[in-house]
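Both of the next two complexes hold chain A, though its partner changes from chain B to chain C.
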Partner chain A sequence: MRSKAVEIKNFTKKFGGFTAVDNLTLDIYEGEIFGLLGPNGSGKTTTLLTIATVYKPSGGDIYVFGHSVTREDYEVRKLVGIAFQDPKAMWIDKPIDLLKWHARVVGYSGEEAKRVVREVMELLGLWEHRNKQFYQLSGGTRKKVELAKVLIQKPRVAILDEPTAQVDVLSKHALWDVIKKLRDEGTTVILATNDMFEAERVCERIGIIYKGRLRALGTISELKDSIPSGDVIEVQYEASSLPGELLRELEVYGKVKHESNRITIYVEKGEEKVVDIVDLFKKRGVRIKKIMVKEPTLDDVFTYITGAKLRGEE
Partner chain B sequence: MLRTLLVIASWDLIKLKNQKVFIAMRWAWFTVQILVFARAISYIVSHSVTQYTGGVDYYHFYILGVYTTLLYSASIARGYMIADEFDDGIVEYHLALPVKRNILAVGRVIGSSISTIIFTFPMMIIVYMVLGVRDILAILVSLVSALVFSMGVVSFVIMIVFTVKSTDLTDIIVGAIDALLVRLSTVFYPLPVIMATGIAPYYIAALANPISHMADFLRILLFPEYYLVVQHGLWASLVYLIGFSMGLLILAIEYYEKKLEAGGWR
Partner chain C sequence: MVGLREFVLQSFIVSQRDLKRFFMNIYWLAGQVAMNIADLVIFGLIFRGIVNPVLIPDYIKFITPGILCLSIFISSFTIGREVGVELRREVTHYLVSLPITRGALVAGRILGGVLRGFVYQFGFIILAVLIMGLPTLDKWLLILATSLLLATTMSSISITVSTLTRDFNLQAAIRSLVYFLFFFVSNVFYPEKAIAVRLGPAAPLAYYSPVSMAVNIYRYSFGYIQQVDLLFNLGGLVVWCIFGLLLAYKLYIRNLTR
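Up next, the complex of A and B:
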């Protein structure tokens, strides 16, 4: 059994009367890249900030390599580094000043700090921006400065809150490699994201939270298997609206998600059902533009889990 | 530990170098205030007031008051900067650093007050030049006392900022305290003059006011004859200042350790 890097135990966080995270229990193992997924406002950042001891739990506790965030916060901070979702800097700050200061706070001497800051800035393509003021940096560049802090620190546990949001596609691939390399060098990574592609590319295990509660947990293939209907039929149709009868008839086959001109049906044995479904569309006089039977993607898993909750089907 | 403390304190010093224009403007304004307006005011009042100032020229009395007010408002301004930082999430960043919370608190307070001293240093030089002060020891003592005073004020304003967690509310509260504290002090009016008004609360407030003690401490330090009109001596003011600052610093440390939590900024 792998040892636990982070142990979240019945963690609850309230802001006034509002419960942002509700009784979350979850283990993150040493040496893995763990993905925390959830729609906006589901409590990802709240959870991550509590692991980093920025917030205090309202209930339960979180342990980082056995140290409690409530009772041994300093021990925890020595093990954890975080790249925030919103880059932390004043408009007037220069990346080079910020990162050098950061390097010294996390323990580098003056000369070492200079060296490691340059190394990391070059790795992330930040060196040319080192003397710009923060307001002059693009959103993606700011995110890279934030990630640079963690790379400089090389903590036992790295918390990355949507590290590649606003980052261009090419840089994303580079950053994913950087994140994997950080893990290979012994850092446990917790990564919050809304990007399913990113989660599939870099995360080994995933937890999906919604409205502050854990809704699914496992490896990517476990999650895909966990959808009751194994296949996904996607229909694109040519009509401005869909007859309500048709929707009800489709729901007999499985869960249905309806967006403009596209219907996704989660079914068992997709190849067999597809003929029936085409017939149903014909019967109601709706022309099909395109129909596909797919294996579920993580996107589908996510939509299935959170979408079902959105419709109130607990 | 000391190393970490110094690194934390350097946070504010690094910021200082990005504010050159602002600082230069403040220096210029201060010089004008000392050389032009202060002279005008003292010309008006000096004849009627010298009896209360123990023979000290009111102009000298006044500009030491102006300098003390400046120390106070520059320290308060550091608090506003920290409020701005809270707004931009810097506080969250600092709270996540591998640093003990008490070191973080002391580091920020020291960093802020050293910045205040650096910021006000040229103004102090102008004041001392005008006053003709040459005693190096007195200048050093006045610098250290200014640092101690600033640490108290910074601790105080940091606690307000973190308690109200709102830029607007900080403005209102600090503005109100500011207006009262400066007026109910001896920065511009000597204690005997205040006593002569016969308004007891005014006199008591001025006597208990840290700003009064800072200004009077400098006056006695630089013009011993002023001692005659202040009922308490150099040591009394010194003890008061140290007590004031250390008390507030300890409260600020407690605050960082026990209560401070990011989030909820309005």
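Up next, the complex of A and C:
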């Protein structure tokens, strides 16, 4: 049986009257890459910041290798490293200075710190930017500086909050390999993202969080299997409005989601149903622009579970 | 529990960051040095011939220990400005997530302010020696203790003020108010007799100001005055220092962790 790296027990976080996270219970196992998937404002960052002892829980508790974030915060901080969603630096800071100082804080001596900082900066392609001031760096480079802090620290639990946001596609693939290597070296990784491709590519298990609540939890295949009908038919149509009768008729085939001029239908054996569906549109005089049958993605899983889209909904 | 050695090491590493940053604001630093020297030269030369010599026999020698005091006050106080900006930009999230104790973090920030004060004051001490003459060894120890107490007080108070509120405008207003109160309502530029006459009921503000207490000790140490109430002035600085430390610890931690 795998041991638990992080245990989140009935965790609630309120800011004044607003509940950011509501009664979250979740286990993250040692040595896995766990994805926390959800749109902006869903409670991902609040959860991660509480694991890193930046916030205190309003209710419940979180344990990192058995240490409570409320009662043993210093012990927890010795085990956890975090790459923040918004890079944390002052504009005049230089990456080399930031990282050298970080290395000293996490326990390296002067010479060791220089060596490890250079290694990590070269790995992430940051060395050429080492003496620039923070305001001169691109968004992607700033994110890499954040990730570099975690790689220098090599903590037992690494928290990565949207580590590849603003990073170009080529670098993204390289960073995913770096994250996997970190896991292979024994670090448990918690990765928050709203990029379902990243989640599918990197994470072993995923928790879907929406409006502060955990909506689903499992491996990627378990989550995809949670859509009972199995296939997804997506229809884009050309019309200013859709007859209500057509929507009701489509619901016979499965759960229907309607958004602007696009309809998503969760069906069984999509290839067999697609002809009938095209006929229905013809019968109601609605011209189809594009129709496709596909296997569900994590985005579909998210939409099916929450009724919302992963991107663009606060 | 964290051991004393670990606590000191962590605090020292935190302070190194603040000390290094101090020298990155090179234009501010140059402007500040120029302003302090201008204070000394302009006030000294102009008021030397104007101020009643019965009240102040030599205005340059009168103001030099005051500028010495201002130099450490101003430079230690800069730490608060950065703490305030960090709070606004949430850089504080990073600091409180680091594997160091909260106590070491606060101590490190305060120490950062103290080190800034000492480094900045060094040049003005040389200037003071050139103008006032060389103090004896026991007076040097007194100067050192005074500088340490004043720098710790100012560093702590500036951190406290910068974490009182998350509203940046309000924060800047309070910081300016506290800064100017300490700067002008003290005996740096005017003798205590004049303060008592001109400020009336507000005179105790200057009398009990840590800046005035430090100036009194500096003036004594550099031989401008022959005696000073050490119990009141040094004891007062110790009280200010403890008060500042406690306040900074409480408020800094309270405002960093939500």
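Here, the second predicted complex is superposed on the first by the 302 of 314 C-alpha atoms of A that agree within 3 Å, B and C clash if a C-alpha of one lies under 4 Å from a C-alpha of the other, contacts with A are read in each partner's own complex, and residues count from 1 in each chain.
By our rule, contacts are C-beta pairs under 8 Å (C-beta built on N, C-alpha and C of every residue); 3 or more make two chains touch, one makes a residue touch a chain.
On a predicted model such as this, the values are computed, not experimentally measured, just so you know.
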Fit or clash - chain C, chain B, common chain A: clash
Touched partner set for A:275, first chain B, second chain C, both or neither: neither
Touched partner set for A:170, first chain B, second chain C, both or neither: neither
Partner chain(s) touched by A:55 [first = chain B, second = chain C, both, neither]: both
Residues of chain A contacting chain B in one complex and chain C in the other: 15, 49, 52-56, 73-74, 77-78, 80, 82, 84, 86, 88-90, 92, 97, 101, 104-107, 153
Residue ranges of chain A in contact with chain C within the complex: 15, 49, 52-56, 73-74, 77-78, 80, 82, 84, 86, 88-90, 92, 97, 101-102, 104-107, 153
Residue ranges of chain A in contact with chain B within the complex: 15, 49, 52-56, 73-74, 77-78, 80-82, 84, 86, 88-94, 97, 101, 104-107, 133, 153
Sites on chain C touched by chain A in the complex: 2, 10, 13-14, 16-17, 20-21, 24-25, 82, 85-86, 89-91, 93-94, 96-102, 257-258
Residue ranges of chain B touching chain A (in the complex, touch as defined): 4, 7-8, 10-11, 14-15, 18-19, 84-85, 88-90, 92-93, 95-101, 261-264
